[in-house]
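Listed after this line are the structures, all set down as structure tokens.
Heads up, the next two complexes both have subunit A, just with different partners, subunit B and then subunit C.
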Partner chain A sequence: MTRLARLYGGLFRIAFLEQIQYRASNVIWMIGMVLEPIVFLVVWTSVAESRGDVAGLGPRDFAAYYIVVLVVNHLTFSWIMHVFQYRIQQGSLSFELLRPVHPIHNDLCANFAYKIQMLVILTPAIVLMIIGFDPRFDLQLGSLLAFVPALILGFAVRFLFEWTLALAAFWTTRTMAMNQIYFAVMTFLSGRIAPLAVFPDLLRDAAAVLPFYYMVAFPVEVFLGQLAPAEMLRGFGFQVFWVGVAAATIASAWRFSARRFTAVGA
Partner chain B sequence: MSPPAVRLRGLTKIYRVPVRGAGVREALRSLVRRETREVPAVRGVDFEVAPGEIVGFLGPNGAGKTTTLKMLAGLLHPTSGEAHVLGFVPAQRERAFLEQITLVMGQRNQLAWDIPVLDSFDRNRAIYGLEASDYRRTIDELTELLELGELLPKPVRNLSLGERMKCEVALSLLHHPKVLFLDEPTIGLDVTMQRRIRTFVREHNRRTGAAVLLTSHYMADVEALCPRVILIHHGEILFDGARTALVDRFSSEKTLVVDLGVADATADLSRYGTVVARDGARVTLRVAKAETPAVTGQLLANHPVQDLTVEDPSIEDVIDEVFREQRLAPE
Partner chain C sequence: MRFLRLFLVFTRLGALSDLAYRANFWFQVFESLLNLGAALALVALVFSQTDQVAGWRLEEMAALLGVYFLVLGVLSMVIAPSLTRFMEDVQLGNLDLMLTKPADAQLLVSIQEVRIWKVVDVVLGLGLLGFSLARLGTQVGAAEAGGFGLALLAGAAIVYSLWLVLTTLCFWFIRIENIVMIFWSLYWAARWPVGMYPGWLRWTLTLVVPVAFAVTVPAEALSGRLGPATLVGALALAVFALAFSRWFWRVGLRHYSGASA
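The block that comes next holds the complex of A and B.
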């Protein structure tokens, strides 16, 4: 077994055990994550029912969209921006810096462990939403196959991008305000509030080049078969591009950022 | 002769800290002009630690001990000067370097709070890529030396401070580090637990030959473990040498304890030196080192002395005196 596989096996096992300890709070977090798309689903369904289709989407299309958003949002989200500042201020980063492996590996394992455990909540939530909202799925094998890399890359874009932004905590101890701006923009442009189809052209064009769309809405649209092959390929291209940008930023900024730890002094 | 485990040359760390005066005016002024002040924490420190050596690194709060240790562990970047640990430059944080050192901070906790101790151990096993058989053997050894048996299955949050510290120390040693930086490992522990940690460090050093650089405010730690001590104050080295030499060199006085017996119990001995304590016929005097032989002779000649002992002051008193009076120039 390679060193990396052993490292991930060991870290994942302990992260899984640790997440079990936090099961009650994790369930509460998860309920919040389930409620968000349901709220937007109810709003857009009401709009579609009262005014007719919105941008070609009817109530059952919105249901399908938000059910897949729930899954993709769960599988791609990370909490690193919430905790990084705390790590620096409390000094726990010291111990992570003393270890001969980059802290991002443990973060990844903790992320996977949480997500796997929360399938216990996610699965019945999806079943109930399917029963309650009667979504219209037009599933095609090609879309489903393309969904897998779109989802993995969506996770990679989001995780690495947020890890990069979290490094700001080395420069300022007030990252919460910055995080708030990020989450507002991200929630909007990633398609969590509304499908990008209902956006004005200008916003849609902007979203198409920024990383946020590729974190959630792009994998969702791939799954639902809403994209032509050329759009899909272009989307994959952007995902790879943003993964590269974020990974390169972390690789180059990490050593430089860790030097800043000096000033924080924890 | 093997190369030193730790070598510092002119190691310096200057923190730059923001400053501003009190009041609204100063607060507004700081918005447009941010002022900073340079605070030197460590100033041109030189020393070496040989493989297998245990060195006490002593100084009052804010002397620069922890900053030095953090630079040696690669957590802080020196402002200038050089540090080498096992031939590595700590600030570069190379994997091979990190695999061979450890830093225990008595006031910080690296065990995961909510899972059993053994799970935290397992995490370090994965991080350091330890082989199963070696890992098992190490845990058995540490369990025996530190009596960890009952603690391993408990969540860390349910351990007492002393129990937690034992587990912290064990966790830090699972990967067989060749250099141990121990920053107040016994702080806040009761006497029994302090002694247990001390015994363990000495035994571990004997078994593994790891070099140890230890900071502590407890002189009992230093007396039990460190044949050599380094004194640091205001970021500069005041003394580096044998612990016994520290007392010889910096103590200008000796302590005489005289038992006068019942016949002469109330005699005034102040003309011989400073009376620092009196308990019935038992008098404790402080006398200049050079005058000790003469005073001893006079006491024996002029009084019906039942018992007389001449003692060096405790290392704690000596160090306290050194730091308080600041009467020494760096070597």
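The block that comes next holds the complex of A and C.
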């Protein structure tokens, strides 16, 4: 255990120092990150204003929803699917394979380091959004407490799921198409585009069993206190289930996937 | 028409290199259809709850999306790849070569790389535009069509100038590839009518990163809500933007000392 803690401490420090060089780039990335929820927020607010509410949600509820989506999306996001292809094509995976630890540890530390730095940049934007859009928060201690495991599990589902899909790069050098389908489906069913309450029943039922909803919208709804205890328990159950599925896939697929690696380009 | 001849040469060069990767055509078709499908699905979702957004009906919104993809296609077919390569060339010193050629350097760097498969976005955008116009029916007369053409030209000129100014900054700053990310983020927001946004964002999209002129304004012309004042304003801004970016480019070029030698 202390070995793992030392490992994470070291990897985290390296990643943190590496990334702090890209402060200016991060500010630029921040614009896109913040703009996405703002645009959807404005769209749905304008719909809600024209007819009072959408699926029971008023303008101030949408404001609250998207501000929390911004935070949860940031905290659960990973870029692994974008980089895995390059790692394999350019052969940089060779160095990672030489290390005596699984490369997923380094990815995890890099992810944490990025998020902490980005959170510093994001905070003023979030404050401005709260001032500008006047969200209605109805916070309860119970839902805030439940939010912590929901967020951690949401991150675990998303990170492990995307890490699993990224392994496809071992079989094909063109993972772009798969990635794009994933991102298209994910942005819809994770609730980033709209709260699932406004979706047609069929999509909502599909979202309730697929992993995407549990990556973003579920933690958000837990935070906002929109879920009954039974719904919450069911959600936690699905989160644990999908974490298990993804972790088991990585554990069993990693070795024979990595064996296919012949360092293209190295 | 020296410009056209040069453009055709670069298109042929682009075609020669892209035709070697024919599978990429299908990837592009797939990617473009997915993007368009996702955009339409979202519009359908929104319009399942309402019959207008900020005063735009479903067909008008679809026409706006058509313009969005049309401009996106032109941008990512010529302007974005060419000016991205220009930034790399400044870093590597390859721009020296470009400067020795007997044609205007600004023109050369702006069209030097043509990604022909991106024409898929142009075609899909035009298709969606045509389809939604047919659904709109008789509303589009000669005046609207003319206004649309002018507004689209003005919008293209404005967006091109913006790209030129942003990338010209690389004469002074080394690591600025990311700066065009600002453009893409804001362009993405332009797939909705800017009138929908709160004041600060509307003004950003109109004056700071004026993508509104490339998408919303032409679409307004088609749906008959574009007043002559806005059109004249767009044309004036286009002329000013072209002149300013030209001037800025020259200042930048004077600053360039070459990195290859």
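Some observations on this one:
In the analysis below, the second predicted complex is superposed on the first by the 260 of 266 C-alpha atoms of A that agree within 3 Å, B and C clash if a C-alpha of one lies under 4 Å from a C-alpha of the other, contacts with A are read in each partner's own complex, and residues count from 1 in each chain.
In this section, a residue touches a chain if its C-beta (ideal position, glycine included) is under 8 Å from a C-beta of that chain, and two chains touch if they have at least 3 such contacts.
As the structure is a computational prediction, the values presented were derived from the model and not from experiment.
Within the superposed three-chain model, A:138 lies out of touch with both subunit B and subunit C [touch as defined at top].
Using the contact criterion defined above for the overlaid structures, shared-chain residue A:39 touches subunit C, although it does not reach subunit B. Looking at the shared chain after the overlay, A:14 reaches subunit B, while subunit C stays out of its contact range. Once the two complexes are overlaid on the shared chain, A:205 sits clear of subunit B and of subunit C alike.
When both complexes are overlaid on chain A, the residue A:95 reaches subunit B alone and has no touch with subunit C. Contacts of A:28 after superposition on the shared chain: subunit C is touched, whereas subunit B is not.
On subunit A, the patch touched by subunit B and the patch touched by subunit C do not overlap at any residue.
Interface of subunit A with subunit C (complex): residues 24-25, 28-29, 31-32, 35-36, 38-39, 42-44, 46-47, 50-51, 54-55, 132, 174, 176-177, 180-181, 184, 187-188, 193-194, 198-200.
Looking at the complex, you find that subunit C touches subunit A at residues 27, 30-31, 34, 37-38, 41-42, 45-46, 48-50, 52-54, 175, 178-179, 181-182, 184-186, 188-189, 192, 196-198, 201.
By the touch criterion given at the top, residues 3, 6-7, 9-11, 13-14, 17-18, 21-22, 91-92, 94-95, 97-101, 258-259, 261-263, 265 of subunit A touch subunit B in their complex.
Put simply, subunit B touches subunit A in their complex at residues 15-16, 70, 73-77, 93, 95-96, 98-99, 101-103, 105, 108, 110, 112, 114-115, 119-120, 122-123, 125-129, 155.
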